[in-house]
Amino acid sequence: MLERLLITGANGSLGSICRQRLGHLAKTVRVSARRDLGEAGPNEELVFCDLDDKAAVEAMVEGCDGIIHMGGKAVEGSWETVKAANIEGMFNLYEGARKSSVRPRILFASSHHVTGFHRQTARLNAETSPVRPDGLYAVSKVFGEALARMYFDKFGIETASVRIGSCFPEPSSHRMMSSWLSADDMVALAERIFNVPRLGCPVLYGVSDNASTWWDNSTAGYLGWSPKDSSEQFRSKLDAEQTPPKHDEADAIYQGGLFCTDVIHED
Amino acid sequence: MLERLLITGANGSLGSICRQRLGHLAKTVRVSARRDLGEAGPNEELVFCDLDDKAAVEAMVEGCDGIIHMGGKAVEGSWETVKAANIEGMFNLYEGARKSSVRPRILFASSHHVTGFHRQTARLNAETSPVRPDGLYAVSKVFGEALARMYFDKFGIETASVRIGSCFPEPSSHRMMSSWLSADDMVALAERIFNVPRLGCPVLYGVSDNASTWWDNSTAGYLGWSPKDSSEQFRSKLDAEQTPPKHDEADAIYQGGLFCTDVIHED
Amino acid sequence: MLERLLITGANGSLGSICRQRLGHLAKTVRVSARRDLGEAGPNEELVFCDLDDKAAVEAMVEGCDGIIHMGGKAVEGSWETVKAANIEGMFNLYEGARKSSVRPRILFASSHHVTGFHRQTARLNAETSPVRPDGLYAVSKVFGEALARMYFDKFGIETASVRIGSCFPEPSSHRMMSSWLSADDMVALAERIFNVPRLGCPVLYGVSDNASTWWDNSTAGYLGWSPKDSSEQFRSKLDAEQTPPKHDEADAIYQGGLFCTDVIHED
Amino acid sequence: MLERLLITGANGSLGSICRQRLGHLAKTVRVSARRDLGEAGPNEELVFCDLDDKAAVEAMVEGCDGIIHMGGKAVEGSWETVKAANIEGMFNLYEGARKSSVRPRILFASSHHVTGFHRQTARLNAETSPVRPDGLYAVSKVFGEALARMYFDKFGIETASVRIGSCFPEPSSHRMMSSWLSADDMVALAERIFNVPRLGCPVLYGVSDNASTWWDNSTAGYLGWSPKDSSEQFRSKLDAEQTPPKHDEADAIYQGGLFCTDVIHED
Amino acid sequence: MLERLLITGANGSLGSICRQRLGHLAKTVRVSARRDLGEAGPNEELVFCDLDDKAAVEAMVEGCDGIIHMGGKAVEGSWETVKAANIEGMFNLYEGARKSSVRPRILFASSHHVTGFHRQTARLNAETSPVRPDGLYAVSKVFGEALARMYFDKFGIETASVRIGSCFPEPSSHRMMSSWLSADDMVALAERIFNVPRLGCPVLYGVSDNASTWWDNSTAGYLGWSPKDSSEQFRSKLDAEQTPPKHDEADAIYQGGLFCTDVIHED
Amino acid sequence: MLERLLITGANGSLGSICRQRLGHLAKTVRVSARRDLGEAGPNEELVFCDLDDKAAVEAMVEGCDGIIHMGGKAVEGSWETVKAANIEGMFNLYEGARKSSVRPRILFASSHHVTGFHRQTARLNAETSPVRPDGLYAVSKVFGEALARMYFDKFGIETASVRIGSCFPEPSSHRMMSSWLSADDMVALAERIFNVPRLGCPVLYGVSDNASTWWDNSTAGYLGWSPKDSSEQFRSKLDAEQTPPKHDEADAIYQGGLFCTDVIHED
């Protein structure tokens, strides 16, 4: 059991799930966001913090032996936003980890958009397939995975980079039938990441046991994570509610879907 | 839902199954064979057609936005027979598709005999393992897969080349314990092929979820097809009814079994 | 059904399981060990034999068309012990097989320690990953696999080299959550090995369907062996009884665990 | 040394080179074409033969222990032409080989157009990269390779399928800087094919030692063929004479170049 | 021939070589640095520019159809330095490229330090081996490669990411015997990058034809770049001048050498 | 420069070459064999030693920081001979190395016969292709490689396992055109093995730069060994002197040639 688990981005959709359901992993849970954290629970500490505030981030990380880093920009944004939250913020977090009096283990919420420009007819291996980021947000996640790997090789800080698929109550498009991740499966994955005796620095996709698959996580098989849910339960509802994309639309061509057609966001 | 689905070879064993169970895929089903099609069902059109009659095939294909091509010679035959039905016939079908006023999606019934000379102790990948056809029939299926791929790359016609294993009510030899494909699984595969937003041009083996496996379909994982049946249910009956082949018999050595020892059929 | 199945090491833990549960594979079962074989069962023959006694081993093997070779040293030992039991003994067994009036099929109990120095974060393929033996015992098993392969290529004697994981009633360490093999799964594997029409000379890991996996057996998929048990049933008990190893302990780093830190045993 | 070497297509550009420079491989050289073979050389026999005339082809093949099959259609053509020359013709040739009183070894002139739809930025392996034929001619060569393989596996007839690049005196486009094959290199390859003790049934690309390469022939390394020439000698001349294709033209995108944009030739 | 080639970092060691020897690639060469550019040559334009000045960078890039991006921090530095020069600077450069009235082709000077934590006994493939950056500088280069790939997939801007080894007049350590890149080979590589009809977006190592090799560039074989020089010419001199590192020193273990032991530079 | 280099088997053909040409690697060379070592050279020590004499071997190894282990049985032999010389002898040598006051680096003369049952049409990778030993001698070399690896992983003793091809003045069969290793190339390889700062524990084939190749040594590229000689210089002489093997003879089928048809040698 962890002494103190930090959950960043704890007011976001993924962060909220972690806050609600992963409290048992630690004696104390430090939940963090820029705002809107509500009341502190029984074993909770609230920390309000901007990720690009280096001193604040280092103070927040100090003393935590586990970190679930859900904070930062989670969709495409302007360069300034992405840079501050996902590039500056990652550096600050790992500097905090390096300087901390205890060595934390980290779950880094990367994104399947790091390989978003691969075709939906392709099959990817999390370790050997080249990245094909589909926007600035995705590029910032490639940066994050590389930074995490460097802090592992150089300083021994263990990170699981989880390329999260589409973690919503249910898939809202036909593309998400392949990328959907249930909350239960995400929670189980986090539990494994903090429970294995040795984590190393794996990269894997956070995706449920869907029928239609693009991603091969076998190199992370040692984690012992077996997703249980499948998006098939939602297929007939989805088919009833919307027409699938045409075969020449980005949402039918690329794993990253419409992110691939997004423009560069000017501030 | 398709406007008009053409099923060729609709009087054969596989074609009959498709006719009986896949009618819901289209508003109109055009069933075709050289003869013996019985009565037309409620949403059916009957077409009697020789596959080597170019004009007739092109007329038959016109207006169909889906094709299940089960027609042609389905076991070893003489060169003249194989050439007319499977080589000439495939060309005619794809020319029809190219010229049609609507662009069809095609399920092409290829055969596992395209890799029949591989050993039963080998494991094959549908995309990267070299072909090892075990007879003229199998060579004609290699031709068919190549033709389909060319019409995809050049004209955008999508085809799934399904290397059908042994699609019978139950396995009739120990070799078929590995190659058996249930009718239910075949039907489900066809449904997926016509339902995915983008098909591309995959090659995969049509085989159930048998315990003993030779084939890796993971590159076609995006189709979302998960076979449900297994030949294990028939093992004790099979063992009771027949002795397995000796370890030095073709039926125990090659994935294509006795096809590998067949002669060239002279007319 | 076999005429006569030889089980060596029949008084050991694995050998006893085979003796108790695999008698149905043969008309006669010849059980062997150096001592302590108890009473002969209805269709059993008892043979007391030292594996390094060439004449005795050859006599023991004569007439057997199936062999389950569980005999020999099963943990690290001194060079003299390992050499006599596992090197000399293997040679004697295969010479017996070569000279026998009937050609036997063999299940050779190799060990996952042949790849014990691979990291627990690695994923291994039974055919292509390099060996990394973790001691003299493990080196002797590499020798055994190579000898079996040579007798297959040169003399046609079929062997399945099963790299047995941890075959105990339940995992006794967190490392064994990945390597555990249930008795039921081992029995089922042996049945498949003696029932397939053609065995060839596969190498595979003997491991149950655990959640946390290190090993890919897909090249032996043709055997039709699907392990059914999982070590997950024991996780909470194990967690309650012991602390997992620290992340920098051999039992958390290497697949072979503490074998990797064992010294050379001097006689 | 061969007893009798048959060279088909001996009046074509490649066939003429073979006729002029490979006569030393055999005591007698049987040169064949439909017409225009000129005078017979000292150890030559002339045979006029249509490849789709089965009886004539079988008579022509009888008694030859070596065959260089350059005959057939060597560029895109109508279906009737391609089918007669390259499909019917190949079948006739291999039937002749199967029935011949001596077992011939065959060099089959396949074409790099069997993989013509791969990108110029891709690197292909002759054994494992999927075919992507760029027209009917290319599809007929896929058929030919498959037929040759079947006659090897079933009847032991050895064939080297040489996917010939661009065998001209010099490259006539920037694309051919990668695909160029010098006459000297082709002659040396043919010599190796008929001199190795055991040929097997390799597939390889016929291409010189150009600086810019798309193809990996390492699986055929046992042949001992090391091309010596390079297209670089022609680069400055080529650059002076023509502008390279624009980056979005087929000749800059696909390995098969303009073949990829060719239509289906209607008769 | 290019209309206008921009060389950034033109006062650095690599940039100077490019300036001196690659002027023939373009009608006009725009050389850029923060200072110290000397006199403008006959076809040169001088631009003084900070890479983190967005407007200045965009103005500098406007109108250039070729860019050699040698600018930025070329060794480990503090986060602020690396971020400004290599992260901010890359974004500014590619935004400039995207907005420019002509679409430039780009040579991006990445670094072999993106894989610096791989062992010297490992062999890497430029496309499929995972990155293992050895410091902040190396992480910034991973970012740069990802950004370039995204601008290619999304906007069609072609980049060659050249992971430059050790480009000095001669190797100054035993490690550099493997990583050395001669100026001649670098110049030849740049020429190929701007001369191929279609560049795509390759990643390759910039390394000479040294005897001791770590890197496989075969996926970029289509570029037609064959390095000619070898570090072996310097071996005896190097051996005479210095003792090789001990086998347990970072300079003997990691491909990135002493970069792997560098600390995080605090400002 | 080494302090003391031990050369075992120094009276054999390979050992003699090493003795004559590698003396410059060390201040003192300890040459060893059972007999026939002639006069000691200026910096030589002679040691007469049976490899299966544990105490003698340990004494011989003591104080050596380099070992070239050419001793042992170098062709097929009886089990007793092979076991004493190559199994017992290897164990004794590595125990000596482990106990020695200085840690030696070792060149272990393995043999290409460890993969002798692979076809001559196959291409092997030294690290990932499965072993296929062609006799007891070859099995003993598999044992040796595994033992060396274990002593590296467990005790840090570096070994290069060199699978020596056919090291004779010239090839004496057509098979050896592929496997030939010149003395010069072997000497250069040994120099590299003792000169690289870090050796690790590579496995590679000892083979010259022959035209016809079966083996891929690229994973050992870091050694910086580039063989210079080729067996092609002997081809015309060989062709004049002997007929190549027929295509169905072992010497034309298997990489190990006639070793594959050798019997088990009974004492």
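By letter and in written order, the chains are A, B, C, D, E and F; residue numbering begins at 1 in each of them.
Assume a residue touches a chain if its C-beta (ideal position, glycine included) is under 8 Å from a C-beta of that chain, and two chains touch if they have at least 3 such contacts.
Since we're looking at a predicted model, the values are computed, not measured.
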item: Chains contacting each of chain A and chain C, listed by label; value: B
item: Shortest chain-hopping distance from chain E out to chain F; value: 1
item: Interface residue identity across copies chain B, chain C - same or different by half; value: different
item: Which of D-F and C-F has more C-beta contact pairs; value: C-F
item: Listed chain pair C-F, A-E or E-F that repeats interface A-C [over half of contact pairs the same by residue number]; value: E-F
item: Between chain E and chain C, distance of the C-alpha-averaged centres to the nearest whole Å; value: 53
item: Chain A and chain B: spacing of chain centres that average the CA atoms, whole Å; value: 42
item: Where chain D touches two or more other chains at once, by residue number; value: none
item: Every chain pair meeting the contact rule; value: A-B, A-C, A-E, B-C, B-D, C-F, D-E, D-F, E-F
item: Sites on chain D touched by chain E in the complex; value: 119-123, 174, 177-178, 210-214, 216, 232, 244-247, 249, 251-253
item: Complex contacts: residues of chain D adjacent to chain B; value: 79, 83, 87-88, 91, 95, 98, 114, 117, 127-136, 138-139, 142-143, 146-147, 149-150, 153-154, 203, 260, 264
item: Of all residues in chain D, those that touch chain F in their complex; value: 158, 195-200, 202, 218-219, 221-226
